[in-house]
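Order of writing sets the chain letters: A, B and C. Residues in each chain are counted from 1.
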Amino acid sequence: MLRKVGLAIAALAVGTIGGGTPGARAADPIQFGAILPLTGPGAVVGTQEQRGIQFAIDAINAKGGVQGHKITVLFEDNQAKPDVAVLSFNKLVDLQHVQMIFTGYSGPTLAMAPLATRKKILMVNAGAQADKLGTASPYLVNTLPSTGDEVKVISKYLIEQGKKNAAVLYENDAAGIGGRDDFVDLFPKAGGAILAQEPTQFGQTDYRPALLKLAAAKPDVMYVVITAGMVQLADQLKQMNPSFVTAGSTFMSDPAAIADPNSTGLIHTQVQIDAPPELSAAFKATYGADMDFFARQYYNAAQIILTTLDKVLTEKQAVTGENLRTALFAIRAFHGLIPMEFKTNTATVPISINMMKDGKDVTIKQVTAD
Amino acid sequence: MDFWLSYVTLAAIYVLLGLSTNLLVGIVGIFSVSQAAIFGVGAYIVAHFLMAADPISFLPALAIAAACCIALNVLVTLPSLRVSGDYFVVTSFGIQLLATAVFTNWTGGTGGANGLPGIPPPDLWHRPLEDAWQVMALCLAACVLGCVCFFLVMRAPYGRLLRAIREDELAVAAAGKNVLRAKVSAAALAGAFAGVAGGLYATFLSFIDPSSFDLDSSILLLTMVVVGGARTLVGSILGPFLLLALPQVLTMIDIPTTFAAAMRQLIYGVLLILFMLFRPQGLAGERL
Amino acid sequence: MLWLQLLVNGLVTGCALGVVAISFSLIYATTKLFHVAHAGVYTMSGYVAWSLASRGAPLIVAMVVAIAAATVLGALIQGQLYARLERRRATHLVVLIASLGVLAVIQNVLAALYTPNILQFDLPWAANVVSLGASVRLTWTQILTIAVSLAAFIGVIWFAHFTILGKRIRAVAANPFLAEITRLRPQSVYVIVMAIASAIVALPGVLVPLDLGLQPYGGVTPLLTATIAMIAGGVGSIGGAFLLAVAIAVLQNLSLLLIPGEWSIGITFFIFVIFMLFRPTGLFAAAR
């Protein structure tokens, strides 16, 4: 028995010694971290985020790295849980001395935010949209607008279209409740009224009871905040043949849902992030999956970091979280897959309003969030 | 250094939970997959009192949490007294799922799915423990206290009574001992351990949400007890330390990233099966 | 009318749940083992069918192969794992934990092979809608689910009461010790029961994902609800299990008219816990 304990400790020790070194000496590889949900319910999103980052890193390494330094990203699985995220954060920073960490999912990111502030580690979020993320830490930057921004845009559009009475279908977790709270707050301010709300469990794809209950309130529009199961929702909506319009946010833009002919007529805000066709094709060739929203977001975020790293190295500074952060705000405006500017910790990005039509997502209006 | 500190701190908290689970499942034989729910209640209560408009100090909050968890654990294990072991499994699953539903939906009390961020660090008589070392010391102290308590209880005649109940409940009852009172008091003690662990957890992480107290967490607790060793003190210590280290150890092995994480969960599952087949008493336990 | 459509939807999900309940009841009544991994067999059969359907195989072929795969898996688990544990005189707790391990392995293998995304069957006819009267609309998949589930229910009842194998199984379930002595060979009966039950559960295992999509981790909640139906209906009563499953599903749907949706699952488990306190043998318990 003691032998087994000893073995475990030995294994841990090996891991410690095998850790990386801080800073960047000539041609030393530079390590960054990424703490994403790679198993469990968040894995759908997490795996795409991971692929987006890896794709960007592989591309830059193929060109010889950043100023001769190869880049590696150490991926940790947070299982969408805050406590696992905190342990992973401490491990990456203490044992492997990373100075920048990619993060996704609001709960774990909020848990790590105080740590990032204390240890001066730059955290980049390119997937979570909780409103609190904008001010959670000076060291946390978000490359996409919060749900509140998207809700403002769609509310204004819906009122303009004469859809004043709304029902809300939301996922009963942090992302869904956040979106619901924003909509219930901002839609009336734009001139509308909320008639009914119904929650649905994450991963529960039987929306029929909730849809029936919401439809009974006779709304003009149903606002949807769910992060998984869009295809099933679209199919079940079609089955119901409702008299209301269905609207949502970027969460709705699941490629499978867009391709599904039953989704024709769904409108949603879309945080703009496009990938040139050659890039998408190359991504698909490598991973066998479409380069969806999250993959593009994290590819873009990785590029932002690489640009920032380049600046830090050019100015002959040590690669620390503090210097990376200073450089990021000094550069301020980035031209990756989409132009974005960091006036605050959250980038301003154009948001469009799209409608799904016969297997394609068509833009019907452009807006810039401020 | 922080990594080691947080590892030891979390392990100490989980040892307390391991003691709690071992008491109920290993020693008394009440199969419970709802220990994470009690853990959660302890965490939410301490968080609530530390963040209230009129906050109270950490130790009194911990005491309140322990008291509530004692009551709750007794209540929750009551069905086990009426219902045979196998049926109670389902009841226990149900209790855990019900608790998760309450944690997720009772936004007023628990912050709902968003959780409770910004929980202040623990304080001893109004002196806050800001340092990672101090927090670890506090958790280790609580853990050691729990272990001593467990050891003494098991040594005492009461401990022998509990063991006897597991061996042959009917004989014990026939011998005139009060079986019901023994079981209930074991459940109470287990509840106290879990409640204290919850309070320490909340202040250590400064953020809690329902995902830390769900069915998966209960199953992890069960795994810790089974792998570490059922019914013994050493098992309750070994299990948490090993199982918390396991994911970190596994990251050292090179697996293609696309399914590395699923592979790790898979290894957990395989470990459970192998242990049950070849060493059901765990590393340092007695036969389950 | 809202309530009518809710009722009909409840009947559909209830029938599928009912088949899960009777298959689980078969296993539990005979082997007395809490075969949690049944949720894994259920999930796997959906994925097998999807693999074939997405390569162009007609649904009926996909379903037959899925049933075969489930049968093999179920028999394997019993023969290789549970039988071995039985030989080592493992307690039910040990078997339950081993079963949890098997479930974790199955779920994560599926997640690794098929990614954790929710997958959809690509059968256009499945989503076509049929209108019954002014207020009820059903897809062909839903209709198929009801038809197949009812057929399975009738088939199992006929099997249990009117075939020799069925009688042998019931004899072993009633008294394994006596069955051992009278050379009914319980162990091989257990394998047969697991095989049959796994085959049966493959039916909703394919039909439910056909309607609602495939996910690797989604099998536990339906299994738990089915277990509740089994226990509340009375262990050993196939009719009880099926009826209670339908009742629970209908109640969960109709309850939306009165209470907010997030509580419907919580209420189900709460009622169950109360049930266990006051009537643990269930409504239609088989005579003991």
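Definition applied: a contact is a pair of C-beta atoms (placed from the backbone, for glycine too) under 8 Å apart; a residue touches a chain by one contact, two chains touch by 3 or more.
None of the values given here were measured: they were computed from a predicted structure.
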B-C or A-C, whichever has more C-beta pairs in contact: B-C
Reference chain C; chain at largest CA-centroid distance: A
Between chain B and chain C, centroid-to-centroid distance (C-alpha), Å: 31
Whole-Å separation of chain centres (CA-atom averages), chain A against chain C: 36
Junction residues of chain A, two or more chains touched: 39-40, 43, 47, 172, 199
Contacts with two or more other chains, residues of chain C listed in rising order: 108, 111, 116, 262, 265
Per-residue multi-chain contacts in chain B, two or more chains: 104-105, 262, 265
Contacting residues of chain B [partner chain A, same complex]: 1-7, 10, 104-105, 107, 112-115, 117, 201, 205-209, 211-212, 216, 234, 238, 241-242, 245, 247-249, 251-252, 257-258, 260-262, 264-265, 283-284
Chain C - residues contacting chain B, complex: 32, 34, 81, 84-85, 88, 90-98, 100-105, 107-109, 111-112, 116, 220-221, 224, 227-228, 231, 262-263, 265-266, 269-270, 272-273, 276-277, 280
Contact set on chain A toward chain B in their complex: 1, 4-5, 8, 11-12, 14-15, 18, 38-40, 43, 47, 50, 54, 75-77, 79-84, 86-87, 90-91, 93-95, 106-107, 110-111, 114, 119, 130, 132, 172-174, 176-178, 199, 287
Contacting residues of chain A [partner chain C, same complex]: 39-41, 43-44, 47, 172, 198-201, 203, 205-206, 208-210, 212-213, 216, 228-229, 231-232, 235, 238-241, 256, 260, 262, 289
Chain C to chain A touching residues, read off their complex: 2, 5-6, 9, 13, 108, 111, 115-118, 120, 127, 129, 137, 139, 211-213, 215, 217-218, 252-253, 256-257, 260-262, 265
